[in-house]
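Should a chain be cited, it is by its letter among A, B, C, D, E and F, assigned in written order, with residues numbered from 1 in that chain.
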Amino acid sequence: MILSDEEKKLIAYHEAGHTLASLFTEKSDPIHKVTIIPRGASLGLTQQLPLDDKRTYSKEYLEARLTVLLGGRAAEELKFDTVSTGAGNDLQNATEIARKMICEWGMSDRVGSVTLERDTDGIFLGKRLAKEREYSEETARQVDIEIKQFVEKAHNTAKNIIKKNKTKLDKIAKALLEREVLTGEEVKEIVYGSKKNRKSSKRNN
Amino acid sequence: MILSDEEKKLIAYHEAGHTLASLFTEKSDPIHKVTIIPRGASLGLTQQLPLDDKRTYSKEYLEARLTVLLGGRAAEELKFDTVSTGAGNDLQNATEIARKMICEWGMSDRVGSVTLERDTDGIFLGKRLAKEREYSEETARQVDIEIKQFVEKAHNTAKNIIKKNKTKLDKIAKALLEREVLTGEEVKEIVYGSKKNRKSSKRNN
Amino acid sequence: MILSDEEKKLIAYHEAGHTLASLFTEKSDPIHKVTIIPRGASLGLTQQLPLDDKRTYSKEYLEARLTVLLGGRAAEELKFDTVSTGAGNDLQNATEIARKMICEWGMSDRVGSVTLERDTDGIFLGKRLAKEREYSEETARQVDIEIKQFVEKAHNTAKNIIKKNKTKLDKIAKALLEREVLTGEEVKEIVYGSKKNRKSSKRNN
Amino acid sequence: MILSDEEKKLIAYHEAGHTLASLFTEKSDPIHKVTIIPRGASLGLTQQLPLDDKRTYSKEYLEARLTVLLGGRAAEELKFDTVSTGAGNDLQNATEIARKMICEWGMSDRVGSVTLERDTDGIFLGKRLAKEREYSEETARQVDIEIKQFVEKAHNTAKNIIKKNKTKLDKIAKALLEREVLTGEEVKEIVYGSKKNRKSSKRNN
Amino acid sequence: MILSDEEKKLIAYHEAGHTLASLFTEKSDPIHKVTIIPRGASLGLTQQLPLDDKRTYSKEYLEARLTVLLGGRAAEELKFDTVSTGAGNDLQNATEIARKMICEWGMSDRVGSVTLERDTDGIFLGKRLAKEREYSEETARQVDIEIKQFVEKAHNTAKNIIKKNKTKLDKIAKALLEREVLTGEEVKEIVYGSKKNRKSSKRNN
Amino acid sequence: MILSDEEKKLIAYHEAGHTLASLFTEKSDPIHKVTIIPRGASLGLTQQLPLDDKRTYSKEYLEARLTVLLGGRAAEELKFDTVSTGAGNDLQNATEIARKMICEWGMSDRVGSVTLERDTDGIFLGKRLAKEREYSEETARQVDIEIKQFVEKAHNTAKNIIKKNKTKLDKIAKALLEREVLTGEEVKEIVYGSKKNRKSSKRNN
């Protein structure tokens, strides 16, 4: 598949948005690599490690993750004044994390310290057959409202980061279009200049 | 199956409606071929490429697609003052695209940047067995309202295009009844006259 | 199974009702044959061709079909002042056509140009296993209201036709009880007299 | 299983109730045989033929059937001032007939001339797997209200018949306790005396 | 499993509660044996025969059964001012009987003489696969309210019996802790003294 | 998997929270062992025996269990002013116990002495296939409200215990970080000093 220049530019800004959001979100994991080379189903990639069931994550860490996920769409909106299908995967991940924060990890005051997982008893040939919602419609409505608020809060945080750092966004996107792959170290050089100038920059944002 | 003249005329205007809507919608794909020769389940055909999961589409592009899909019905309404079963497939495609815009790609402000896909865990012999809606009835209602608005907006846009270009609609339909197949180039000649006269016409509509 | 005279009379009037409704509904298909000889599950038969997925039908044609389907019950009501189980199949067909007009062919203003088909992804051994309603309860309620209105409108149209043509109804029913089968031509002779007297009669009703 | 005298008496009055309701309901089928000898799941039996899909039944006939079905419980209530589990089967049959009158045969004004059958597409190994309700919750509520009204109307009719004919009820029950089986002819003799005295009695009730 | 003295005491009072409720409920079956020796899933046992599908039970008999079932919990509440998990089975049985009284046997005025059983058509390999509720949410709500009222009425009746006969409760519980098994005859001796003193006691409560 | 110091500290305080809640909840089981060594899916462990179907538990005992389960999260909140995913399992257990208290053991006044278990008839290959909720949406809403209140009550109790005993919490957490495993006896020494000083301490909290 050959991408048009317009598509490449959109992807570059999308990935630059993730990268910038990650860089200016305190609890976020550090960036290892950013690329606009399509890989599998993904058009670009800002590498984040998957959540590990054996580790313990704080609410702040998960909120940071949501912000980074929404960074791609935020960059599209502010650069091109539109949205694209390219954020579909990010939104799905963000929705899933927000749902778990609310329904499995008790991180929503509105829903409280109860879990609202679905029943998984109906296993057949190793697959869940029919999952029945264990809770009421009213509770489902509360969950929907909370998921939307968790994701929109991250969306707004990401948009604020991008707005304040538009020049940096342009720099990263341009570098991605030229080089196609950037390491975390290279991203920092693009954003803050050479190593010695960087010391206090994170604190200031 | 032998079609009556009345049926042929209805199909010709239906396809002419798609063609005209496509021609006067800026973000729409160009037309390759239009035909009123029945093929498979389809009575006529205004060729549009299917959406490709590997590409990125903007909200404007998808809205253009909805407008073209509704163009067939709009032409029927304005020419014959009635609607027919012939638009069934178009409406199904339009509804499906609108649903994805809202539920998978976060393109509705009302619903927000969350995804509302159905759960697909219950796979059995390679097929989804039972899909359970993951969201509340209230959210389902919001989605219904948005789908209807997305499709009706495209319907109105298509009707406006047809209304403003009724003579052109008649010309395309007449040509289709005579020749049964038209290339994109031939359509343009019918609508704008010979190539040299065409330069500025798209901009003016 | 031997039918009582009372049952035979009821069936004759039921079929005469379909026939009369068909005769006085402009967009209706012409009648080929009417019979009160039981065939399969059906007690009598006023032949109408099934809807063909490959053809295109206008909203007016489908409304005519509903009127003919309700003609049987309308005749029972006006002749015997009661209703019977004999209309069950007609009502099922009418409900199904009305549902498709609203949910597949976008012919209801209230519901709009969206399709509301059920999801059919869960195929197993060539059969749909579990079909999940894709739309909200509120939309389901709108659909119910529209189906009822489409069918009741046809019901009223059929009752008006029968009321205005009661003598004709008696004539057709009487002929059916005597001869058991009538061709479309014979029906016309019964209703309008010999061919030469017929010319303007349709226009007057 | 040996029944106590109390149970036998209850069954006798229950069957006498069916019999009396049948005798004084104009459109009801004639009684062939009544018995209090347990047979299969049934404690007693007032023989009624099952509804035949190939026949046509009027609304009045079906209402008569409901009245006869409720006659057993009505007799229990008026004789013993209580109700028992013995009417369970009658209520189930009555509910099922009422449901069909409303949902399949269009006999309820409130619901109208539409059918509300459940979808039966999901066939697997010759069995319906999952039946999805095709209509909305609001319509389901209307159906529930109508079913209850159809059954309660029959219940009241049955109670009025029993109340007006209490001596006859006692006579039939007593005869059933003595003889265990009664033919329709014997029932009539018990109720009206010998054949020659009977002529006008039906008309007077 | 070795029970603590506290657990044994709780079980003894629980069973004594069933016994006392049975003794002072007119329509109840006589007690055959009471025991606090654990058997299978059951911690103690106040023997009641299961309901037999072939018999006929009056509403009063079934209400008596509910009262006896709730007697165990009532005794716990009045003796220890708390409730325990030990009543789980009793509540399940009581709920099931109340549901059948309302949904199968038409014993609730609010719900009426209709049956509200679930559909059992979807049989697969001899098992019901998916049971669809045939009635509306509003009716389900009425059923829930009635079930709760039937059970709570029995609960209150049981509590009143226990309150009025607290000394008798202590006597039975004490005897159970000493002897572990009591016959119906022994229970009566404990409650009323030797046979000759008993004659009028039932009537006075 | 190597845990960071930050994660170890969080786990130590989480387990110390369970331990402290257990120590100051009268009806709670005694502590046998506390550890921060990861085992299976669990990051740390404050040993509590599972509920045994053959035993009888009072409502107070189960409330104590909820308090201990919420103790881990309460400690996280008060020490680190945040919540983490580490409490997911505790919340799931607490929710499940609260649900059983309300739906199986009749321990909620609002829901009453009825059971609200799901139907488990649809067994296939030893697994429940589809479980249908037997009760109405309104009842489901009552259950949700009660579950939330049961769990939040325990949460508040746990937070109060931790707040009043913050120094003790620090001591236990510190000992866990140093020794990784503590016996119940060691915990008591940490909290109350040597055995002879301990006599009246429980009573005072």
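Throughout what follows, a residue touches a chain if its C-beta (ideal position, glycine included) is under 8 Å from a C-beta of that chain, and two chains touch if they have at least 3 such contacts.
Because the structure is a prediction, the values reported are computed rather than measured.
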For chain A and chain D, chains touching each: none
If you average the Cα atoms of chain D and of chain E to get two centres, how far apart are those centres in Å? 33
Distance in whole angstrom between the CA centres of chain B and chain D is 57
When you check chain C against every other chain, which residues touch at least two of them? 124, 129-130, 132, 137
Overall pattern in which the protein chains touch one another (line/ring/star/complete/other): ring
With touching defined as stated, please give the ring order of all chains, chain D first and chain E second. D, E, F, A, B, C
In the complex, go through chain F and note every residue touching chain A. 1, 7, 10-11, 38, 41, 43, 70, 73, 80, 82-88, 91-92, 94-95, 98, 118, 124-125, 127-133, 137, 140-141, 143-144, 147-148, 151-152, 155
In the complex, chain D residues that touch chain C: 52-60, 62, 104-107, 112-117, 119, 121-124, 129-130, 132, 134-139
